[in-house]
Amino acid sequence: MPLSSHQAHTVIDGAERKAREIGLPVVIAVLDAGAHLKAFRRMDGAVLASIDIALRKATTAVLFQANSEDVWEYCKPGAPAPGLELSNGGLAPFGGGIPLKGPDGQVIGALGVSGGSVAQDTDVAKAAFAAFQALTR
Amino acid sequence: MPLSSHQAHTVIDGAERKAREIGLPVVIAVLDAGAHLKAFRRMDGAVLASIDIALRKATTAVLFQANSEDVWEYCKPGAPAPGLELSNGGLAPFGGGIPLKGPDGQVIGALGVSGGSVAQDTDVAKAAFAAFQALTR
Amino acid sequence: MPLSSHQAHTVIDGAERKAREIGLPVVIAVLDAGAHLKAFRRMDGAVLASIDIALRKATTAVLFQANSEDVWEYCKPGAPAPGLELSNGGLAPFGGGIPLKGPDGQVIGALGVSGGSVAQDTDVAKAAFAAFQALTR
Amino acid sequence: MPLSSHQAHTVIDGAERKAREIGLPVVIAVLDAGAHLKAFRRMDGAVLASIDIALRKATTAVLFQANSEDVWEYCKPGAPAPGLELSNGGLAPFGGGIPLKGPDGQVIGALGVSGGSVAQDTDVAKAAFAAFQALTR
């Protein structure tokens, strides 16, 4: 089953709820398994830079089937894959991107959040992911 | 006043309502006055090609402050601006993109719809625009 | 079920068999449902230009869920979508690209062939498609 | 003699054999002396990120006529060519790319492997290279 519009909007609403709670306007992007845009929301007041960053975080998560920050372990100074962050059009290997999996464990998409500090973006992303998980439980 | 998230989602919901009515899955993109993405929805079943086309129609509409199809009058064979469609990263000078204006007549963004024939996309775009207009009345 | 490596290579072998029969070296590209490269072969003697063209034909077919030449009906002179061929990074709206469908009718990828005349490429593409169909029968 | 389709597929089959042995789905790309794609295979289950990375590793190897990881010696912190990795559209200066040479020692192409850790990719690349060498012995 491909990622549905209903699932994508549950992710976005989950992110916005958390973002409002902490008073932070964010951008939320949801991609499908092929890294194509499925849904997107830029909350009023979010900085323009976050459009590209949210998209890259989600892209990083879906292409590597991993949280965006985990990709940094491979390309940080001293790690074995210097320049990995330059692949795939430029990655965002820091917190805020999380892959979305179907009931069979297959990656069906990813979400990316940007707008505040990495810690804040990660919190909002986790809340969005929790909303997605609640759907399939 | 910049285009609000509330306005953007009214546009998208208006488009989806019409699209469902005619049984056509579409992509709807909403940009702000600076041609930056504000909101986006890809209905289940819409072809992937429509992501790029909806974005380009909205871009065409906001950059020229005109319906996307009106730009064709300037670049069609015999018209004075051949190749205009190659500017700005590639335009989509056919129906489905409509600028959005604030109460003072200033362009505050644009919508773009893609998914079916040009006539269908134009109908869906008009319904989305009507939903936007109803908000400000 | 996503397009398998086995299916992709059946497509490529089917194309090469036909291409050898007519004495034409071609490039064959196979993409998955998200337009990502799955398998590729450039026969000895094929012109370098065909790499990009085969990829674009397959991209056109998978993004529009249609044979590549059918997209031309929408953007040819006088048709309602002038400039459509500029979307999605540049289309190849002429024969040689065919979508591949799973048993449930869903598009799971596409093939693109380039190397000779459009008629020759279309023949090779059809032979490749027939080899794919024979697999699932 | 340019790299033949037969040689390219020997490389790919050699890589896949090793990859199966270690239970790792990988992407294998083979380029010719001009850095143009000759053959490509994405094994079932390989992450999408590896398409671009395998292509970049092979590109790095053929453009510099060196193993991809050797290029890092020129651009690592303190080395004399900072930013070298940004040249040529973005290099992948880490293990998995190996140049292919003809009997006269001329570089006729390169292979690139991506899918697992750098150490795993390097092992698979070496096995693919060994299969290529066995052909010409």
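Think of it as A, B, C and D in the order they're written, each chain with its own count starting at 1.
Here is the rule we go by: a residue touches a chain if its C-beta (ideal position, glycine included) is under 8 Å from a C-beta of that chain, and two chains touch if they have at least 3 such contacts.
From a predicted model like this one, the values you see are computed outputs, not experimental measurements.
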item: Approximate Å spacing (C-alpha centroids) for the pair chain A, chain B; value: 26
item: Gap in Å, rounded to a whole number, between the CA centres of chain D and chain B; value: 44
item: Intercentroid distance (Cα basis), chain C paired with chain A, Å; value: 32
item: Set of chain C residues in contact with two or more other chains; value: 34-36
item: Arrangement of touching chains [line / ring / star / complete / other]; value: other
item: Pairwise chain contacts under the document criterion; value: A-B, A-C, A-D, B-C, C-D
item: Complex contact set, residues of chain D against chain C; value: 2, 4-5, 9, 34, 36-44, 48, 51
item: Chain C-touching residues of chain A, taken from the complex the two chains share; value: 32-36
item: Residues of chain A that touch chain D when the two form their complex; value: 34-35, 62-65, 74, 77, 80-84, 86-89
item: Contacting residues of chain B [partner chain C, same complex]; value: 47-49, 52-53, 56, 72, 75-77, 85-86, 90-95, 117-119
